[in-house]
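Each structure below is given as structure tokens.
You will see chain A twice below: alongside chain B first, and alongside chain C after that.
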Partner chain A sequence: MSGPGRPLAHWQHRLAERGIDSQLWLLVPALVFVVALFLYPFFYGLTLSFQPTNGGPFSDYARFFSDSYERGTIWITLRIALPAALLNVLAAVPIAYRMRGRFRGKRLVTTLLVVPITLGTVLTAQGLLNFLGPTGWFNRILLASNLVDEPVRLTHNYWGVFFSLVITGFPFAFLLVLSYLSGIDPTLERAAATLGADWRRRFTRITLPLLMPGLATTFCLTFVLAFSVFPSAVLVGNPAGETRVISLAAYQAAYEQYDYPYASAIAMIMGFVELVIIAVVLAARSRFYTGSTGGKG
Partner chain B sequence: MSAFTQLRLDGVSRRFGGQAALTELDLTIEAGEFIALLGPSGCGKSTALNCLAGLLPLTEGSIWQDERRIDTLPPERRGFGMVFQSYALFPHLTVRANIAFGLRMRRLPKEETRRRTEEAVRLVRLEDHVDKLPGQLSGGQQQRVAIARAVVFEPSLVLMDEPLSNLDAKLRLEMRTEIRRLHQSLGLTTVYVTHDQEEALSLADRLVVLREGRVQQIGSPRDLHTRPANWHVADFMGYRNLWRGRVQQSDGDRAIVESSGHRLLGEVVGDLQPRADAVVAVRPEDIRVDQPGETRNAMSATVEVVEYQGRELAAEARTDTGLLLHLRTEQRIAPGDQVKLAVDPQRLLVYPADAARETDRLPEAAGTTR
Partner chain C sequence: MATTTQAPPARPPATSTDRRRRIVARPAAWIVWGVVIFFFLNLLGVVASVLVSSFGQRWFDTWLPDGYTTSWYARAWDEFALLQVIVVTLEVSVLVVGLSLVIGVPAAYALARRSFPGKRLIFLVFLLPILMPPITYGIPLATVLYKFGLAGHMSGVVLANLVPSVPFVILTMTPFIEQIDPRIESAARMCGAGLRTVFLRILTPLLVPGILASAILVLVRTVGMFELTFLTAGPDSQTLVVALYYSMSASGIRAQQSVDAMAVIYTSMMLVLLIVALRYVNPTQLVARVKDEPEH
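After this line comes the complex of A and B, so read on.
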């Protein structure tokens, strides 16, 4: 670099004052990533959805909502994703609560709880089919112990998809809740104990209120994961009927009917529904205390 | 929880793994007393407090509230108030709700909860801050909330775990007076943990000095100030001059000790064997400087370092034989001055030296000081 002349140094310093300096170049990879992989496809899809093969700009949206078979996919997806996300969060709380301290074997237990995250949907689906299918271990035990007369149907329907979402979503929720919990200063509960609160009230009055914002965030993330369910809806669900989720409708529009504008419209609707749910949860979250909770996290 | 007339700790011990944190603490606390547990960090004082609060189970021993055994009760059923070092205020609750928490847990009538909360708020002078969250308060204010929260339900015992250690020096003095004032006006039995001897002396009716998990001495502030039970306690209580020496002559009450070529006459504390190793302890303020006619335990020395401390000067001086002395004086002295020093034999304490390893760090025989 040539020696900077006086005017040059001047504007460089002025920019640096405002936080603009050569370090900003470090942001470039991230920016490229966001623009190329998120912003461009999103706006491409958005504009595409307003250019239907037939009719005016909104006719694909109108088509989706006028067809009850298509419209119903929203409800079908919500019916799977909301309870699955809720169960994941609620099941993670007591387990994480018991595990927030330090104890021997904590790492082992955590690993066991988190392993399903590494399995992937297909392996999970395969396992579910083997275990919960009509001739799987679960039904064989039920039959052998005379609890049921005929195999319980737990795969290729709503429950298959639901279980799959719980298995893959729980570790995720558990890790998040555990880190939120360890961010709460344990002295607070000790203080509550000396003030006369038994463990139930320590949990409901102190820990839970402080944990609620974290639970809301965890719920949003697991919900988004569950709402975009696709492989398990096909593999362990009933993709023609009760588990014809919205992503399946978009897939069919795009790759069976080759109607990209319509598929884009469905994708936009899907995103909008997710945003509505997240907005509701975050609005509820803001009613709780969201400041420092004094812990190490 | 009802008040008691006596709280008795009977051989209370706590081990962590194989490590003994507290060994056989015996202590009887009378109602209304202010007890300070005092000692350097790691001496077991916080362990003792947590055992008392029920936050830490005992390894051995028992705790009795009059004739009722309480060490098996969980903390929420002991009814002791506790002030934590970090205050542990509930960040999502307002000052008012924090203070009322203990009353709510006791399911008192709404009206009474409100009245007693208001009283406690007034007691700690936080009337203007009741609707704030703890995060919006200064350190001193948070401290006052923590105290109000711990005393509002009139606990039979208040436990304080180094409550002033997170405050700056000025605030610490103010809060110290505040705590003493509260204790006097409410008559609450208090156990106070601190590593600051000045704090303990000024607050407590009785002090318990711990070292390595064991009680070293239990006594009034005066006892501890004037007659520490062993040289470790003396060290902790501000006897900055600790010299190794050898007993020349002793009648059990008084002894003459030779240290760094000086023959020193002092009061014997403990079991001193003739010709045994001894430790001599003197407070800096008990060394007199240039007092004409003062001949007992006289030494001549050269002033080395002088610190200005307002009315007094704190100084280090070295005797001709090389012994280093810490002293405090109102005399105007300067580095390099030759001074005549003297110590009243009643204020020069002679302790038996324990394990040689322990006394190694003390100044010893002539020429090899420091």
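After this line comes the complex of A and C, so read on.
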């Protein structure tokens, strides 16, 4: 890129001073890619959702909210995703707090925890059907130990989906919380101990406030994962009723009714609900201390 | 939880942070470890029940199957045309890894080294596909790909899988690029090397660890990616995990055990990849990169 003419060189020079020069061409392939495959489809879907096959621009949205079977999917999804995300994050905190130091086998524990995440929800669903089913090992153990009289129904209903979200979501939340915790400078807590704070005060006054922003982010990411639950809702849930989640409604509109505008409208509603929850959590998060935590993170 | 967090060390500590805890733990510690062990036992049960079932002859209302056989694997191999499925899975993964590296590494370089107007915005745009769940943007994406006739075969699957992969390469590569001394590049430039020579002869050799790490991470994610592949794949471009989903949701037609056999094949493939991956990256990196989260 060399401009021989004087005015051109001058023009290039001024841009280069502001940080724009020929090296930025390196960004172009990635930008073209993200615009073509991410931003364009998104805005295409957004405009498509306002161009329904029949009716005015908002009629697909009206259709979704007027039909209680469709509208109910939002509530169904929230009822699965919010408790699952909350449980995953809350259970992760004490366990990560305990494991934040170094100990033998820490790498083994973290490695084992990565396994369910990499296996994904489809395999988890298959395993849960076998394991939690009426003749599965879990029910056998309960029956053999006389805790229950007849097999507990844990698959093809709410609980199947819930457990699949815990099995994949808890390790995810745990690993995130653990890395946030190890980003907090341990000397802060030791200083508090020197000043006479017991563990409870050290945890509530030092560690927890520093951890809160991280917990909020973890909750958001875990919630978003749980909110878009799809394969396990079909496989271990009851996709016609109790666990007809919103992603399933969008999928059915697109691939069973071939109504792309309506499917786009549902996808937009889904994205909007997610954004609302995330915005609420992040607004709460901004009330906490968000500065340096002094550690390596 | 613990009544005192740091018990007196049993032996002189190696460093100040590496103190050993007391062996006899407090009740709170027992509860925490109990929960962890309970979780792992259930996880083991989930994985093992698939494994045992895939080798079992008949398994109805007993603790273990009546007899053992490997014939389900042969049946699954034929019934689900697994050879073709595995070939497709490998082709898709190799294409996605290759393309996302070619697109992502130069962009990561520009983002790591340069500052320019609008950099934060561009960074945020690259982050969005990772932060958003695939099914949310997957449906509009699949609609667009179908509109242009790209979905329904392998090109659509590859394109859709690139969407989270390219940003992932950028995020993984950025710290690797930042740790290379810029003076090395300046020296090469002074000796007359152009941008391309600097890239191929100086940066690429130095970046091999980073490239390996991000390649293996993208590979693991692509093989395990269900939603995007599911939405864009046609009958002859299914990857293993999508084929597994279809065989499961059509259960009743096939014997449960041959579906289990297929699940075991998928699991062992993922575990091999995972073992390879963990040689290059630490477990947390497989999940997310906390450090690069944007400040909201």
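Definition applied: the second predicted complex is superposed on the first by the 287 of 297 C-alpha atoms of A that agree within 3 Å, B and C clash if a C-alpha of one lies under 4 Å from a C-alpha of the other, contacts with A are read in each partner's own complex, and residues count from 1 in each chain.
We adopt the following convention: a contact is a pair of C-beta atoms (placed from the backbone, for glycine too) under 8 Å apart; a residue touches a chain by one contact, two chains touch by 3 or more.
Remember, predicted model here, so these are calculated numbers, not experimental data.
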{"item": "First (chain B), second (chain C), both or neither touched by A:257", "value": "neither"}
{"item": "Touching partner for A:29 - first (chain B), second (chain C), both, neither", "value": "second"}
{"item": "Touching partner for A:288 - first (chain B), second (chain C), both, neither", "value": "first"}
{"item": "First (chain B), second (chain C), both or neither touched by A:206", "value": "first"}
{"item": "Which superposed partner A:192 touches (first chain B, second chain C, both, neither)", "value": "first"}
{"item": "Touching partner for A:54 - first (chain B), second (chain C), both, neither", "value": "neither"}
{"item": "Chain B versus chain C, judged by how many residues of chain A each one touches", "value": "C"}
{"item": "Chain B versus chain C as contact partner of A:95, first or second or both or neither", "value": "second"}
{"item": "Common ground on chain A, meaning residues reached by chain C in one complex and by chain B in the other", "value": "193"}
{"item": "Complex contact set, residues of chain A against chain B", "value": "185, 187-188, 190-198, 201, 205-206, 209-210, 288-289, 291-294"}
{"item": "Complex contact set, residues of chain A against chain C", "value": "18-20, 22-24, 26-27, 29-31, 33-34, 37-42, 44-46, 48, 91, 94-95, 97-98, 101-103, 107, 109-128, 130-131, 135-138, 140, 167, 170-172, 175-176, 178-180, 183, 186, 189, 193, 199, 202-203, 214, 217, 221, 224-225, 227-228, 230-231, 234-235, 247, 250-251, 254-255, 260, 263-264, 266-267, 270-271, 274, 282, 285-286, 290, 297"}
{"item": "In the complex with chain A, residue positions of chain B that touch it", "value": "53-55, 74-82, 84, 86, 88-92, 101-102, 105-106, 133, 135, 149-150, 153, 159"}
{"item": "In the complex with chain A, residue positions of chain C that touch it", "value": "1-6, 17-19, 21, 28-29, 32-33, 35-36, 39-40, 42-43, 45-47, 49-50, 53, 60-61, 63, 102-104, 106-107, 109-111, 113-117, 122, 125-126, 128-129, 131-137, 139-145, 159-160, 162-163, 166-167, 170, 195, 220, 224, 226-227, 230-231, 241, 244-245, 248-249, 259-260, 263, 266-267, 270-271, 273-274, 278, 282-284, 286-288, 290-291, 293, 295-296"}
